[in-house]
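Shared between the two complexes below is subunit A, which has subunit B as its partner in the first and subunit C in the second.
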Partner chain A sequence: MSRGLGWNVVLAACLLFFAALIGLPFWWVLTGSIKIPQEIIARMPTMIPHSFTLQHYQKLFSASDYPVYLINSLIVATASTVLTLLLALPAAYAFFRLRFPGRAIAYRTILLAYAFPSIVVLIPLFGLFAKVGLVDRLPALILVNTAFALPFAIWMLRSFLAGIPKEIEEAAVMDGAPTLTLLRHIMIPLIAPGIASVGIYAFITAWTEYVFASVLILSDAKRTLPVGFSGIIGQYQIDWGLLLAGASVAIIPVVTLFAFVGRGFVSGLTEGAVK
Partner chain B sequence: MLQSRAIAFAFVAPALLFLAAILGWPLVQAVLLSLQDVRVIGSPGAFVGLSNYERVLGAPAFWRAVGLSAVWVLANAVLQTALALAAALVLNEKFPGVRIARTWIIITWIVPTVVVVVIWRWLFSTSGGMINPLLLQAGLIERPVGFFATPWTAMATLVFINSWRWFPFIALMVLAGLTRVPEELYEAARIDGANAWERFKSITWPLLAPTLSVLAVIGTLLSFNVFDIIWLLTAGGPAGGSRTLPVLIYETAFKGYRLSEAAAISVIATVLLMAFAILATRTLEKGEER
Partner chain C sequence: MQSWLRDSDPGIRISDNVIGVPTGKREPTMRTLLKAALAGATLMTPASAALAQDKVELTLWHMEQPPHRVQRVQEVIDAFNAANPDIVVKQEPQNWGEVYAKAPAAIAAGQGPDLLFAIPDFTPILKDIGALNSVEDFVKELDAKHDFVDSAVEAYSYDGGVWAVPLYNMAMNLWYRKSVFQEAGIEVPETWEEWKAAAEALSKDGVYGIGLPANKQLYTDQTVYSFMVNGGATEIYNEDGSLRFDNPETVASYRFYADMHKMSPADSTSWTWGEAEACFSSRSCAMVLQFTVIATYDTQAEGDAADLGVAAIPHAEGQEGHNTISYANAVMILAKDEAKREAAEKFISFLLEPENYGRFLNMEPGLFMPVTADGAKAESFWSDPMVQKYKSQIETVIQNAANGRLFGFTSGRTFPSIAAISAQNIIAETLQNMVVNGQSAEEAVAAGQARMEEVSKQ
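For the complex of A and B:
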C-alpha cells in the first residue's frame, strides 16, 4: 500500500502529537523524580534533568508507609485476579455452550451490572461487611474488586471461547470426555491468551481502585497504594519530588507486567470486542 | 440432558451468587435505605416513605449536579471519541514501530488513577508545571493560569484528564472495527481516483459509525461513574463547579452524614443511567435494522 507525500506528512504529524500527548507526561514524571527540589519547581522546566538525586526515593521508602501500601495492593490485586478467573471461566463456558433455562436473562443481567453506578452499593456494602466483620480487612477489597471485574471477564472469555473451531470441541465430546475434562484439558489451553487478557484486566481493575478502598479500609497499615498514596499528597506540604517518586514506583509493577503480556492483552481486548 | 443442565447450573451459580451478594443485595439495601431516615452507618432508622426523594428532587444542589454530570458525560464522550478515532486511524497505518505503539498506547489506562492525578496536578500547577511555561512561550496566555481555580476551567481540565486516561482504550476498540474494513474497498476507491478524505468519508466512516456509537454509549456509562479523578483533583470544587452526581452522593453520605438521602440520590442516578442505557441500545438496534 503506497501513500502520497502529503499523507505521509499528516501521518507523521499525528504520530508526533499522540506520542507527545501520551509519552511526555510520563517522561516528565520519571525524570522529575530524580531532579533536586530546586530544579523541580524551577520557573523554566527542563526537558532533560540537569541534576541527579535519589533523595525522593529514599524519603518515600523510609519516611512513609509506601512499602506497606505497595504490598497490600499486590496482595489485593493478585487475589482478585485469581478469584475472578475461578468464577468467570466456568460461567463463561456455560453461557457459551451449555443450554439452561434463564440463560439469556442471566447473561443480560450480568452485562447490566457492568454499567450501573458502583457508588450506589458503597454505603450498603459497608453495612453488610460490618455485619460479617470484613470492614478494615483486605478480603473485603478482594471481594469488591472481583465483583467489578467479573461481568467484563465473563463477557470477554465468552467471546474467546466463540473463537475456538467447533470441530475440536466436537471431537472431544465424541470421545466421551466429561465436561470438566473438556474444559480443563482442551478449552483452557486453547484460550490461554484470553485468560491472560482477562487476568490483566482484573489485576488492573484492583490495582487502580480507589473509592471502595478508601471507605472500607480504616487503619493506615491496611491501605492500598491508591488510597495510601493520595494520603501522602495531602499529608505533606506538597512535596513534588516525593509525589513524583511515588508515582514512578506505582507505575513500575503494571508496566513490568504489561511488558511481558501487553501485546496479548491488547489483541485479546480488541479481538474480544469485535465478536 | 438432565445431567448437563445440572452441570450448567453448577458452572454458572458461583458467579451469579457472587454478583448477587456483592452487587445485587446491596442494591436492594440501597433502595430500602433511601426510604428510611438513617444518618450514620450502623444507626437505626425509621421508615419515612418517599420524603428523602421529595427533599432531593426539591434541592437546587441536586439539579445542579445532574446538569454537571450531563456536561461531564457529554464533553468526555465527544473528546474521547474524537481522540480515539484519530489515534485509531493513525494506528491502522503501517509505520516502523506500529506494533509497539498499538500495545503501549494504553499505558494511560493501566496506571492507577491516583498516578494520573499526580501527573496532571503537577503539570498543570503554577509551580514547576510544564503546561503554563509552554503556553506562555507559545504566546497563548499572558500570565500563568490557575487551571483548577475557576469552575469552568476546572471542569474543562478534568474532562481533558479523564479523556486522556480513557481515549487509548477506546482507540483500540475503534482499531478493531477498522481492521475489519476490507482492504479491497480502499484499493477500488483508489483506482477510481478517490483521495484520502473521500475514501474516509465514503468507506471508513459509514462502516465505522455503528462501532463508534456503541463505544460512545459505553464511554458515557463509564465516565458517568468517574469519581476518584474529580475527588482527588478538585473535591467537587471550586464553588461546586465540578460536583457531579457521584461526588454529591459521596459528600452527602460521608461529609454531610445523611446516609438515606445519599441512597435516594444514588437510586435516582441508577434509574437515570439505566434509562439512558436502554434507550441508547434501542436506538442503536433500530439504526442497525434500517
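For the complex of A and C:
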C-alpha cells in the first residue's frame, strides 16, 4: 500500500524535527569547540562558526591532565564491560537453564540492588575498600561498576536466551555438546545483539559514572574523565572553549562503540542466521 | 628570592627521587626489564624506605582544580620542598562538590590529608568529628608577623579556638563597564534606589540591566546575602543560637532582590558563577555581582582594562557604609603526628611569606585576595602582569573585602547548624520561593526560617 505525498511530508517533517532535537546540541558543542572565545559567548549566538581555532583542543591536551583522565576512563570502562559480560553470561544462562533451589527468588531479588541509591552504600564501601587497600586504585571502580551493571545485565541476557528456540539447544545436546560448549558455540553467537546491548550499557554506565569515582579516587593521576573534567572546567570561572572541546572528545569513544562494535555484533548474528 | 621550578611534575613522589629511573639507555626487553625491576625492588626497597623515614611527608588537599592553578600550587610546593629537604609536600586536588562527604570518609578510613583547604562552613564539619586541633597560638604568631584581616580570622574563631589558618579572601563586588554608564549618564550607584534606577535605565535594546542568579545554589546564597548585609540583615542568629532570619530587614532585602531580578535574563534561575560572567562579558548584562570577572573579561571579552568598572555593593536607604559577602579561604591542619604538624606549620608560614604569597595568590589573578597586611603590599602579588593591568580594580576589590561578612560567621558567634543551612542552600531556596513559586517576601522568609529550624534539629 503506497502512502500519499502529504503523509510522507508529515513523516519527513517529524523526522527532521526529532533529528534536529537530538542533533542540534551535538552540533552546538562540536562547532562551539572550534570557535574563538569571544564568539562562543557572543550576545547573538552563531549556528555556523564565523571563526576557527584549535586553541581549546591544544589547551585541553597540553595544559591539562585530560589525556590521563581519558586513558583512565577507557581502562575502567573497558575492564568493567568485559568483566560484566564474563560474569553475566554464565549467570544468565544458569538462571535460564539450570534447575537449583531458590532460583526463581534469586532471579527476582537480583534487581533489588537497584532499590538502593548508590550514595547510600558510598561511605560503607569507602571504609571496606580502605581496609583492603583499594582506595585510590582503578580496580575499585571496575569492581563497583561491574557490581552495579551486573543485575541488569543478567536480566537482559536471560531474556535474550529465552528467545532462542528450544530445538536448537536440543539438537546440540543430542550431538553431545557439554554445557560450556553449548553456551560458547551455540548460545553466545545467537544472542550477539543482546551481548552488544549489554556491553554498550555496561560501557556507558562505567564511562559516565561520577559518584564513586569522585570519592574512591583521591589522586589526580587516577581520576576518570567525568570527575577530572569537572575540575578542569573550574567553579567560579568557566573556560567555555575548554568545556566544549572536552565534551566533544568525551563522546568519541561512545560514538565509536555504537558505530562499529554494535554493528559488528549485529552483522555476526545475521551471518549465522542465513545458514 | 626563591628560584621557582617551572616544569614541575604534579605527580612527583619521594620514591621517584630516591630510586630514580635511568633514561636515555638502550630499550631493554620486557623480560630483562621485569628482572631488573624485581632485583631493583628487592635491593632498593629497604634503602628507599629508610631514606623515606628521614623525611616528613605531607599530603595537601585543595579544591583549586583548574590546570593552571594546580600548576601554580605545584611551583610553590616545589620551591618549598627544595628549600626544606627534610619535608616533602605533595598535592592532591579535590572538588568542592565532593569534599564535604569525601574528607570525613577518608579521615575515618585513615586516608585523610595532613592539610586541607577550607571555607568557613566546611570547618565545623571536621571540627565536630574531632579531626581538628585549635591553631590559635600559630595564628597569633602569624598575625604578629603579617597582620591578618580581622574578619578572615573571625570566620574560624569560635568555641574557644581558631580552627584554620586564613590564606586568601574572595569578596563579592558590583562589576560594570564605565563606557556603558557614561553613555547612559549614570553615576556609580550608592544606594538601592539609585541602583534600581540605573538597572532600569540600562535595560534596553536587548540588554539586561543586571544579571542576578535565582538558582538554588551557592552563588545565589552569596548574592542574596550581599543584599542582606547592605540591608541591615547581617545576623541570622540571635546571641542564644536561635534563628532571627525572619525579620523586617531580611524581608525588605528579599523584596528588593526580587524586584531587581526582574531585570535579569529568564534563565538566571539556573545560573552559577560562570553564566553570570558570560552574560557580562558578552555585554548581555550591564551589571553583575561577582567575586571577579577579570580573567574572563580579559581573555574572552574585549579586555579593555580602562573600561572595566568595579564598585562596592549599594546599600539600602538608611544604612551606612557598603558591606559584602566575603569568603576567607583557609587551611586546616589535620595531621596528628607532632613532626607532621610542625612541618605543616612550616609550609603555611612559607606560603604567607610576602615573597611567596603573591605568587600563590596569583594562581587565579584577580580572584584570590590577600588576607594579610604585608601580603597586600607584596611585590610578588603586584608584579603579576594581569594584576598590573587591572591594578585599580584589584585595589577596589581588596578595599571592599575589608567590609566582608559571611552568614553564620559574624560577631564571633558560630553555631554548628550553619553547616546544614549552608549545605542545603536555604537562603537561595527562599528566593526561589519568591521568583519561581510566586510567594511574597514575607511568606518566603517565614518559610525559610522554618526550613532553617527544621535542618538545625537534624
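Just so it is clear, the second predicted complex is superposed on the first by the 240 of 275 C-alpha atoms of A that agree within 3 Å, B and C clash if a C-alpha of one lies under 4 Å from a C-alpha of the other, contacts with A are read in each partner's own complex, and residues count from 1 in each chain.
What we mean here is this: a residue touches a chain if its C-beta (ideal position, glycine included) is under 8 Å from a C-beta of that chain, and two chains touch if they have at least 3 such contacts.
Because the structure is predicted, anything quoted here is derived from the model rather than measured.
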* Does the subunit A-based superposition show subunit B and subunit C clashing or fitting? -> clash
* To do: Quick one: classify A:Leu182 as touching subunit B (first), subunit C (second), both or neither.
  => neither
* Look at A:Val255 in the shared chain and tell me whether it touches subunit B only, subunit C only, both, or neither; answer first, second, both or neither. => first
* **First, second, both or neither for A:Ile164, with subunit B first and subunit C second** => neither
* Asked: So, does A:Ser64 touch the first partner subunit B, the second partner subunit C, both, or neither?
  -> second
* Check the residue A:Ile40 against both partner chains and state whether it touches subunit B (first), subunit C (second), both, or neither. => both
* Using the superposition described at the top, determine whether subunit B or subunit C touches more residues of subunit A. => B
* After superposition on the shared chain, which partner residues are touched by A:Asp136: those of subunit B (first), subunit C (second), both, or neither? -> second
* To do: Please work out whether A:Ser219 is in contact with subunit B alone, subunit C alone, both, or neither, and reply first, second, both or neither.
  => second
* To do: Return first, second, both or neither, reflecting whether A:Val82 touches subunit B, subunit C, both chains, or no partner chain.
  => neither
* Should A:Leu74 be classified as contacting the first partner (subunit B), the second (subunit C), both, or neither? -> neither
* What is the shared patch of subunit A, the residues that subunit B and subunit C both contact? -> 40-43, 122-123, 126-127, 130, 215, 227, 230, 233, 240
* Structure fact -> Note: in the complex, subunit B contacts subunit A through residues 4-5, 7-12, 14-16, 18-19, 22-23, 25-27, 29-30, 33, 41-42, 86-87, 89-90, 93-95, 99, 101-115, 117-120, 122-123, 127-130, 133, 164, 168, 172-173, 175-177, 179-180, 183, 186, 196, 221, 224-225, 227-228, 231-232, 245-246, 249-250, 253-254, 259, 262-263, 266-267, 269-270, 273-274, 277
* Structure fact -> As the complex stands, subunit C meets subunit A at residues 10-11, 63, 65-68, 70-71, 92-98, 101-102, 105-106, 108-111, 170, 206, 272-274, 277-278, 281-284, 291-292, 295-296, 299-301, 364, 367
* Structure fact -> subunit C partner, complex, touching residues on subunit A are 37-38, 40-43, 63-65, 122-123, 126-127, 130-131, 135-136, 214-215, 218-221, 227, 230-240
* Structure fact -> The residues of subunit A that touch subunit B in their complex are 1, 3-4, 7, 11, 14-15, 18-19, 21-22, 24-26, 28-29, 32, 40-45, 86-88, 90-91, 93-95, 98-100, 103, 106, 110, 112-128, 130, 143-144, 146-147, 150-151, 154, 179, 204, 207-208, 210-211, 215, 225-227, 229-230, 233, 240, 243-244, 246-247, 250-251, 254-255, 258, 262-263, 265-266, 269-271, 273-274
